[in-house]
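See the structures that follow.
Two complexes, one shared chain (chain A), two partners (chain B, chain C).
== the complex of A and B ==
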């Protein structure tokens, strides 16, 4: 029915009692069965949106629709959602089985004990925690607790699963493993999932699509790869990507883009990549470190200050116009710290932003 | 290493001296005295005769019986009321600190002072309590002067005085419960009763165990409230005599310290046994 717009958020706005406008006119939709990441730095409003989806907060204005029905006035328990908290919030005095069974033993969803246990066992099997059934949560590792929390969120067979930074309590190595597990699990169950995180790598690896927030506004609602290769604005370009993007201050005048020691003819830029007309004035030229590489013919002359090894690649660090910038090269490239070299940008991969952050090229 | 150890003893010495002098020695002295007879300045060994005396003394048995009834009734009742009130304040009241302060006030007030006020409240003829009871057409007994009522009066007073401490400690414990536990329960539509029995109570078990131990020990040592309520007596015709009252009486009034110490040792053993039993019980409940 509403598979394309299974979850729909329309012109959502939230102003807290202290006058802080956490969410300013946010609209997006989520396809049925998709795993969508809400990404953004701390304080960008992603948790506020989440709590409004869950019904823990009431929006100031706007609407939220699940499967075509507005749920703004629906109590959390009737929204058919499963919620996984950041700290899991497992009941420490109950065993794993009792924790997973809990949603089926309270309220109007109460079922006979045998039936509740059957359903609980089914989801415990799915999340591979059968063997811990009689243990208490504090006897389990972080990853196992996480799976208990997910199993508990799933037993009521909700239509939507909400996960609030579910990986932030795990160590780095486990995080990689668990995020794959979560993805395969929610795909197996086929549940529509929204996932909050501040970690871009996590979002890129797990999400079918990513909604990037900042300052209570959606910066970009797109596939992960587009966030990286076609950022909407300066914020997105700088938030996504590791190592971070290089930014150069430039001035456009007389058909030329002029940096502190390089020049690019506007006519050399690809015409179909212009979003707006490039008028004369000050701009920021941004280029990803892998798109600015050493070349004899390069027009950016720099002195390499430092080299950082990151496994298969090396980052050449140089100072340009008082700002540190980076070039990402192969391990074999024979360049040492202190070398003077020329760098060349791939002009079809650079971005030009106005000082306000709007993308022009 | 060796030198360090010597120096450590030096630092420990003040504490060791104080603990030995004021805690360990008196206990041992009491134990020794329970086997001695005569006045304090001329004690002599009398073997088990003090113990024989108290076990034959009907007054001792009344005291022990009263104390046990007092402890076993007042402690659970007070705890149940405290849990109820703490939960009410915690979940329903907005200005918690005001109520907490109000409830804590009795704890910082002298029991003697409160007891004197309660003497007036409990007064059979012009007391506030009976005024209310009569207005509601309920029986208005003579709380203070009727021997058959004195134990009940002490229990009511005991319940009231122990509320303060219990509520403050329970409020602390309630605050420590992760609010997400309730959020999750709300999301699954758990009712208030379900949340209380499935989340709050199990989370409170360690605190309840602590309070139970503290309250039971305090209840077995009840003295001041009896003294204050009955104007220095143990109720009309000693009807509300308690173990500590008996000990005090034998020591100071009758002048038989040996008998008093024998009763002290018995009381000590009873408290030890009940505390032990109760800890085992709480552990069982905690495991379930």
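== the complex of A and C ==
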């Protein structure tokens, strides 16, 4: 029925008692069975939204609907959600089995012990933690604890799974492995999942869709690739992408975009990419490092200061107009530190933002 | 050749000196309980009894109802411990996990009550208990000690150390506050609860002033009052007094020896006596 808007957040606002407005008018929706990432820097309000979704915090105004029904006045335990905490929040005095069974041994979900154990075992099997059933959480590695937390969240067979930075306590290699596991697991179970992270790479790899937050507002609610290739504003362009985007201060005057040592005719830009009219004045021109490449005909003259190797590609670092910028080239490109080269931008891939961060091109 | 560390030697000397001063009365009490009357009164004093007089203990039990005192003390100490622990758990849980209006105010009021010494309100309590007709009853003996702000405050520091997300997780898992307390909070704080329970039991066992006020029948006396009473009744029989004193402190000494780690940890933790 409400599959398209299985989770719906409408004009949500949260002002803390100390007057801090953590969430300012946020609206979004999530499709049934999707895995959606809430992405943003620390302190952007992701966890506040999550706590409101879970019912651990009451919104100041706005509404939250699960499957078409408002849950703002529903207690956490009655919202049919599973929650995986950043620090897992496993009960240290219980064994793995007891931890996973716990939701089925309390409150109105209480079931006979044998039945609870059967359900718990099913999810422990799914998360591959059967063999640790009788161990205590502190005997497990971070990755194993993570799986216990997921099994415990799933055991109540919730409609929605909320995961709050579940990978941030794991080391880099394990993180890659577990995030693939999480994605395939939630897809297998078919549960609608919201996933909070501050790691863009994690969000891009795991999410069906990404909602990028900053300052308590949604900056962009879109597919991962669109966040990268068609950012809504300056913040999105700079937050997403590694290596980070290059930004050049430019001025638009007499039909030309003028940087400190380059010029682009406005007529050379692709007309259908303009979001607004490009009036005369100061702007920021941004270009992803893979879209500004060495070329004889290039009009940006730079001296390469340093070269960083990242696997099969190299980052040429240079200083332009006092700002560090980058160009991403193949491993084979025969350029050394100290070389003077010309760089050429792909004009159909550059972005132009107003100083306030609004995208114009 | 090893250098003599004078500072260290001096420290050990002082420690030994104070250890002897502290422990000697205990040792003498135990030894004296086994002496004959002559040995306890000779000058110079005897330290080691020639023939241990185990019969002294039989005489003590024969001359005063010490078994009854033991029972009374055990009952009051246990009841106070269990009930005050129960109340302290609920109170500390509320202060740590619940949000309610005026929480800070309640906290401040409770803390300031903690500053009032028990002796200052003992006569008000006596009047209340007397008017309720509870003199010479078990209820009268335990009533003022069934809640303890100190223990509640003490447990707050234990409960506060448990990550808040554990509480949130339990709520999402569907547990009520009551279930959270008994299935998660209490099992996770066993160490702290044990220490509080032990301190409470010991102070119940050692209580003196209150039971002295609210009881005057021999059948309701606690050990300490029984002992005082016995000391005046038994008059000059010093060896029996010492034996009775040994009896009184023995259970507590045993508790100390078994659980000294927990007791020391508990006392050090708050720089306060239980």
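Methods note: the second predicted complex is superposed on the first by the 361 of 361 C-alpha atoms of A that agree within 3 Å, B and C clash if a C-alpha of one lies under 4 Å from a C-alpha of the other, contacts with A are read in each partner's own complex, and residues count from 1 in each chain.
The rule is short, and it goes like this: contacts are C-beta pairs under 8 Å (C-beta built on N, C-alpha and C of every residue); 3 or more make two chains touch, one makes a residue touch a chain.
Computed from a prediction, not measured in an experiment: that's the story for all the values here.
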For the overlay on chain A, clash or fit between chain B and chain C? clash
Check whether A:102 is in contact with chain B, with chain C, with both or with neither, and answer first, second, both or neither. both
Which superposed partner A:295 touches (first chain B, second chain C, both, neither): neither
Using the touch definition from the top, say if A:265 reaches chain B (first), chain C (second), both or neither. neither
Which partner does A:310 reach: the first (chain B), the second (chain C), both, or neither? neither
A:323 contacts which: chain B (first), chain C (second), both, neither? neither
Looking at the overlay, what does A:331 touch: chain B (first), chain C (second), both, or neither? neither
Common ground on chain A, meaning residues reached by chain C in one complex and by chain B in the other: 54-56, 76-77, 81, 83, 85, 87, 89, 91-94, 102-103, 106-109, 152, 156
What residues of chain A sit close enough to touch chain B in their complex? 54-56, 76-78, 81, 83, 85, 87, 89, 91-94, 102-103, 106-109, 152, 156
For the complex, which residues does chain B have touching chain A? 178, 180-181, 183-191, 194, 198-199, 202-203, 205
Which of the residues in chain A end up touching chain C in this complex? 54-56, 75-77, 81-83, 85-87, 89, 91-94, 102-103, 105-109, 152, 156
Chain A contact footprint on chain C (complex, rising order): 163, 165-166, 168-176, 179, 183-184, 187-188, 190
